[in-house]
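Chains here go by letter, A, B, C and D, matching the order in which they are written, and residues are numbered from 1 within each.
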Amino acid sequence: MSNERLSIEHLSVPLPRGADRAFAVEGLSLSVSKGEILCIVGESGSGKSLTALATMGLLPRNLGRPTGKVVFEGKDLLTLDEATRRDITGRRIAMIFQEPTAALNPIFRVGEQVSETFRIHTSLSQAEIRKKVIDLFREVQLPNPEQIFHSYPHQLSGGQCQRVMIATALALDPSVLIADEPTTALDVTTQAQILKLMLELRARHDTGIIFITHDFGVVAEIADRVAVMQMGRLVEIGTRDDILNHPKEDYTRRLLAAVPTLTPRKEREGLGNPVLIAKNIVKTFTRSGLFGGGRTVKAVDDVDITIRRGETLGLVGESGSGKSTLAQCVIRLVQPESGDILISGGDFAGLSGKALREARRKVQIVFQDPYTALDPRQKVGDSIAEGPVIHGLDRKAARARALDLLEACGLDRTSADRFPHEFSGGQRQRICIARALAVEPELLIADESVSALDVSVQAQVLKLLADMQARLGFGILFITHDLRVASQICDNIAVMRNGRIVERGDPASLFGAPKETYTKELLAAVPGKGWQHHASENEAGTVRSREETP
Amino acid sequence: MKRVSPVLVFAIAVLAITVVVAIIGNVFTSHGMSQQNLLARLKPPAFMTGSNPSFPLGTDRIGRDMVARVIAGLQMSLSVAIAGTIIGAVFGSAIGFVAAHFRGWVEELLMMLVDFQASLPFILITLTLLAFFGNSMVLFIILMGLFGWEKYARLSRGVVLSAINQPYAKAIVALGAGNGRLYLKHVLPNVASALIVQVTLTFPQIILLETSLSFLGLGIQAPQTSLGQILGDGRDYLSTAWWISVWPGLVIFLVTLSMSIVGDWLRDRLDPMLRARTT
Amino acid sequence: MTRFWVLKILRTVLTLWFVVTFAFVVLRTSGDPVVALVGADATPEEVEQFRQLWRLDDPLWVQYFRYVFQMATGQFGISYRDGREVLDIIVERVPWTLMLGLFSYIGAILIGVPAGIVAAIKRGSTFDNLIMATAVFGFALPNFFLGILMILLFSLSLQWLPSSGTGTVWHLIMPAITLATFTAGTLARFTRSAMLEVLDKLYIRAAAAKGVGYWKRIIFHALPNASIPLVTIIGLNLGELIGGAIVVETVFAWPGVGRLLVTAVSSRDLAVVQGLVLIMAVTMVLANLVVDLLYGLLDPRIRVQN
Amino acid sequence: MFTRREVGSLILGAGALSMVGSLPKANAADRPSLTIAVDNLWANMATINGISTTSRRIFPNFYDNLVDRDYIKDENGLIFAPKLATKWEQNGNVWKFTLREGVKFHDGTEMTAEDAVFTLSPERLWGAKPFEPRGKTFTAGFKRVEATGKYTFEIETDRPDPNIPSKLTGYIGFVVPKKYYMEVGVDAFGQKPIGTGPYKVTTFRSGEIMVLEAFDDYWDGPPPVKQISWKIVPEFAARMAGLVSKEFDFIVNIPTDQEAALEKYQGVTLKRVLADNYPALAFNTRPDPEDNPLVDPNLRYAMVQAIDMNAIVQALFNGTTEHPAVPFNFTEYGKFYDPKAPVKLPYDVAAAKALVAKTQYKGEKLLWHITRQYYPNYEAAAEIMVEQWREVGINVEAQILDNFELVYRRPYHLMNMSMSSDFIPGDPYQPLWLDWGPTASRSTATWKTWDPTPEYLAAGKKFDEAIEFEDRKKAYLELSDAWQKVTPGYYMWKSVYNCAHRAGIQFKFKPNGEMRIYGDYFKFV
């Protein structure tokens, strides 16, 4: 294979003693060719990122030395001395990271940081370097390259930072580019642009790209070949079509089945009275200053929403669109400046003190990050029982309810006496749901509640929500940036942008015939939407993920 | 969990022994801390020639048993440091909690107070107040208690702010919990470890501050004694009767060292997010 | 940007106003301020003269504002110990403390910071443990004790260095080392943790991916970032340095403000004490302002706000 | 302020001060300089306002007395020698003094009778509102001081006073320049004093240093040292190290326990003198505070009997000094001293306990105010005494305070003090009558601790008037008895002053603690 640029042969990365398994990456072999995009896909902990770091020689020090071979241009990178390897990796193999803002040094101008690559590996003059950097900025489609050259990272958006990182990576026209979840932290429209950019660059430079992701949509969008990893091992590898449409392995199939589709939810009958009527909600953030003035941002700008009993209202939009602020206003974790909130017909916006605390029972929230949403020093049983206790239930009854809920959420009753850190992310999110449901709310707000979860776990949690809703009949305000998820579980969807709801409707009509340009843009940006798969036939709940295995 | 390092074991052992000695100290010697024996002045410790077997660590300039002195000094130094630390930690943390809860002008005002405190070297304040109001045990304890409050206030404000912005705190508010439940039951246990690390830093600093004040004659006054006072008293004798100051010096050193080791260990065990702030 | 500095300066002024008010309150609550400022031996005429000079019969708020004005203009009164202007007495001592302070401070930074860096790089090694043990040693030893030990060793036994006082650069060495030991220890520990924090950052890894060499990463990428929190701690440590100077100057008979404070306190020369408190507060507050300035220079996130 | 020159010298002048050779007293330019490390300097250097151990050391180097005590010819200093006065004679109530001619003050003006008279004048010492009020104590009986010529003056007293010349050997005998003194006032004078002594004060910063420079117009010829720096070095370790390493030529105030260690160093000579001075404690005999248990003399007797002062002195001073078993029976009183004098309140724990039992005392806390580090070993002795009192059931708390001002602040039951015995050499006048009598601060000041009893006053009158030895001795014993009956104080030990100097110096340490760096007292060898 003359086109082969980089090949990984039997790579193993040992884990420190006491970890749940001996190797983070075990016996991995794969290769990437000239002009090829190889996607490595897998859930968290599958070892995909460590594979990239091992290739670059950037493994954290607490891990042991990797074994096997990483062959690049005939040399085994693993056996090279540090300086030679550094020279090759900087010049010929480049890497971009998941969090572009954190990957840029905050105290240097971005132009400087890109120039550094040239200064290390070439003997170009300052002026030449500058010209090259600005050309690169132009190539990665950064606006005002001259100005950006002199900007600091914090002055750029996440997408711009990622473009700067890509510019850095492309500076010396590398043979191989390793991209570790480069779009995960970005908005869907930005992601689409970056993916497009990468495809263009591949076409122009013939770079071999190893693209690490957990998102099958992204895979469908850009991959030539796909490698699926699980627990440090390669499950299967093949062309995009092979893997996405004709997977051989069970694991791959289960994963694919769990990926939500853009198929709209069937319309439901029998939704009850409104549990939430929010009218004219306004929230302005002012950068506080001693002399008044300051900059004001209308985070929520005159928004109305209504949710009926048993209904799921989806709120979609990009980061900064105000959807979380709206949710926090509704639940009064943030005080709206104006607007009426009626919950089950009762005023909620005007309450304060004890009355507010009592009324809080009716609205509960489940957050995005299950790792920070539970008090780390409280046993989960107590966490779940706390709400009922606050609202006057005696301890014993509260405890009983907590145990029932644990069970209902698919957890063992004995887990009540364990602490949050003993649970996986998906389990924790179930506990959060149990805690919220313990006070028997009328309305549940799910604020990106499944965004941080692996796809298989995501499917389970979504199913749990749907099941519980069916049983208890509460309304859900479901906030997400993922249109697939939204379309799958929402009865109605509102699209938010710059604090306003620009369009609303049921999933079928909204996604079938969007009226607003913005909605169209959002839809267009959904990665891999052309990819049709047959996962909808499978029940999401049948997927057993790594987390759930004892 | 990782294997416990022998250094940590040593440190914890030192602290445990110190506390035990301070509590049951009097069984180690038959002499009282102020009992003098003018015929056995400046006796060297047992392992030197010319020593007196009933004074294993030697005697001071008026023939008092160094074992009894050091134990009494330890008791006083520990009491002062504990009282001072508790007062400072409680007061400072309370200020930090209040500032973090109310935000706005309350926070501005309190943080200005913190700045004010931080703008003056503490020993300067101590000396000044002792000069204006005269030395008394009550004032002394209050002063030691004020020591470091601004550090606790800054620290607790910071960690409380970040704690109450954590989803778990929001979720608890959303459950309808009042402030008391939120701060005492949820926030406090979660910021406690950061505060405990700060305690391991201020505790030895109070001992050292008291030592400096004793050197200047403004520390614990005779007939009471403290490690710092014994150390200060013995300084003229360093070249002839080193044991008077070396024993208390050694105890101060060991306690400080052990506290630092334990503090470092605690910090390493903490959330890395807290690590930066507590240093 | 301007607003940032206006706020900073406003805060500084307010802090100083706090200090002055504090001094006023303490002075008024601890007894007759005249007696406090001219001394108990003063004749009734002196007391009366002083009372008139400071117009202590006016309403309290008038006195208060006048007091603030007098403090702001450096009118700290007269030392009852030697009858001189307090400001003059202090000003002649300041250069000595400044000299000692700067010398030991720079020394402490030159020793403490590199030690901390090396300890961070070699984290967990024997070397790291050794440095940290030394650092603890530095601040666990009461500095008067260290000072006297040094005098006994270097002046009495070895006779390498002068025992006390001023005169030559040699005189500076022992007090400066004594004073620096504590600060160096603190700085080493802090530098270590600041460096460890930075070394874990993604941008350091990104720099490595670009092919930036090890030492270059440490010196040009990690250190500038670690120096941001370091500058704060260096500013805060100035106070500890002044505190240390009080003891060290006494041990080494160094004629600086620290010793002046001790003599003033022991002779209850309250006018001098009050003047010293204010001047030290001004110094500290200014130092913190400088720290803020440096902070801005080091950290573009603060410098270029919008 | 820092001048450029000072900065320069700081960097360049390595060891300039300590480069001392043993040069002969020769031309002014190449005389050596001395550095003397002292523990402290008094804040004021006026002759009376500045009375203290720390200033007494230095005074005779820039002030001259009218009359001098000659310790070279007589070990006890009982020979008087002319100094600024060359002649004196008594005529009944009047003493006539003739001054040395051609004596110059440091500002160049000539000393005349006008200055001497001003020095002893009521406006300065004993009038209604004197500049230096403590002068009253030393000028009891003064009636008139007057110049009779440019170089002659007279002192007239109420009664014939044979002791006027000896009184002029003390603090009041230091002559100050009238014109300058009046110009600047007493406080400023105390900061920039001028006298006629062999050295003039060029720098005085009381918390730091006093520098004297040779005054080459000195009437007795240029002094042997170019410049003397009296530098405060608070830590003994630093003083010792500085002396051993030859940075300092002299150091003072060596803790008794450290004397032997210091003497072991080569080239170090230790000088120790027994001073005519006694650290003591005063009992507050007055009902102030109201519930003062010490108003009962039995309790005071008990306290005295409970103290084993001989053991304390032995322990703390290694036998280098002694405790006067009977108050005012001091060896330096010569003929008045009686080695067999009856000890009325000997150390006797049983007796002390019995006495306590006789009182109403119930173990109330008695406060003992003590000035920090003022009298060597005082705090150590206090700690021992507190324990000894505890043994007999008396509860004393020693409070160590920073200065006398705080010591004088009520309430207190005991107070530290020291008293000299040399106002009239060889006579019990001081402290028995001078320091306890009706004009003494001890019985007049706001902080007074006793009121002289009629018995004491009557005996005192007799004593004051007695001129013949037999009468005087009888009156003295009577007076002493009257005092002991009250026992308003307790004398602890005879002060030991010590200093040490480097090799190459011959030095005679005067028992009153003076360190004269000239004349027969000091030579380079």
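FYI, a contact is a pair of C-beta atoms (placed from the backbone, for glycine too) under 8 Å apart; a residue touches a chain by one contact, two chains touch by 3 or more.
As the structure is a computational prediction, the values presented were derived from the model and not from experiment.
Visitor: Could you compare the number of C-beta pairs in contact for A-C with that for B-C and name the larger?
Guide: Of the two interfaces, A-C and B-C, more C-beta pairs touch across B-C.
Visitor: Give, as an integer number of Å, the spacing between the C-alpha centres of subunit B and subunit A.
Guide: Here subunit A and subunit B have centroids separated by 47 Å.
Visitor: What's the distance between the Cα centroids of subunit B and subunit C, rounded to whole Å?
Guide: Each chain's C-alpha centroid was found; their separation is 22 Å.
Visitor: So, what's the distance in Å between the C-alpha centres of subunit D and subunit B?
Guide: Centre separation, subunit B to subunit D: 44 Å.
Visitor: Using the touch definition from the top, which residues of subunit C touch two or more other chains?
Guide: Only 148, 152, 156, 250, 264-266, 268 qualify.
Visitor: What are the residue numbers in subunit D that touch two or more other chains?
Guide: 235, 237, 240, 372, 402, 406
Visitor: Considering every pair of chains, which are in touch?
Guide: Listed in label order, the chain pairs in contact are A-B, A-C, B-C, B-D, C-D.
Visitor: Under the stated contact criterion, what part of subunit D meets subunit B in this complex?
Guide: Residues in contact with subunit B: 235-237, 240, 255, 257-258, 260-261, 311-312, 314-316, 372-373, 379-380, 383-384, 386-387, 397-400, 402, 406.
Visitor: Which positions of subunit C touch subunit D when the two form their complex?
Guide: Where subunit C meets subunit D, its residues are 39-41, 81-84, 91-92, 95, 147-148, 151-152, 155-156, 159, 162-170, 250-253, 255, 259-260, 263-268.
Visitor: Give the list of subunit B residues in touch with subunit C in this complex.
Guide: On the subunit B side, the touching residues are 7, 112-113, 115-116, 118-125, 127-133, 204, 208, 211-212, 215-218, 228, 231-232, 235, 238-239, 245, 249, 252-253, 256-257, 260-261, 264, 267, 272, 275-276, 279.
Visitor: Note which residues of subunit A are touching subunit B in the complex, please.
Guide: 328, 331, 333, 357-361, 363-365, 367-369, 372-378, 386-387, 390-391, 432, 435-436, 439
Visitor: If we count contacts the way the header does, which residues on subunit A are in touch with subunit C in the complex?
Guide: Going through subunit A, the ones touching subunit C are 56-58, 82-83, 86-87, 89-91, 94-95, 97, 99, 102-107, 109, 116-117, 120-121, 152, 154-155, 165, 168, 289-291, 295.
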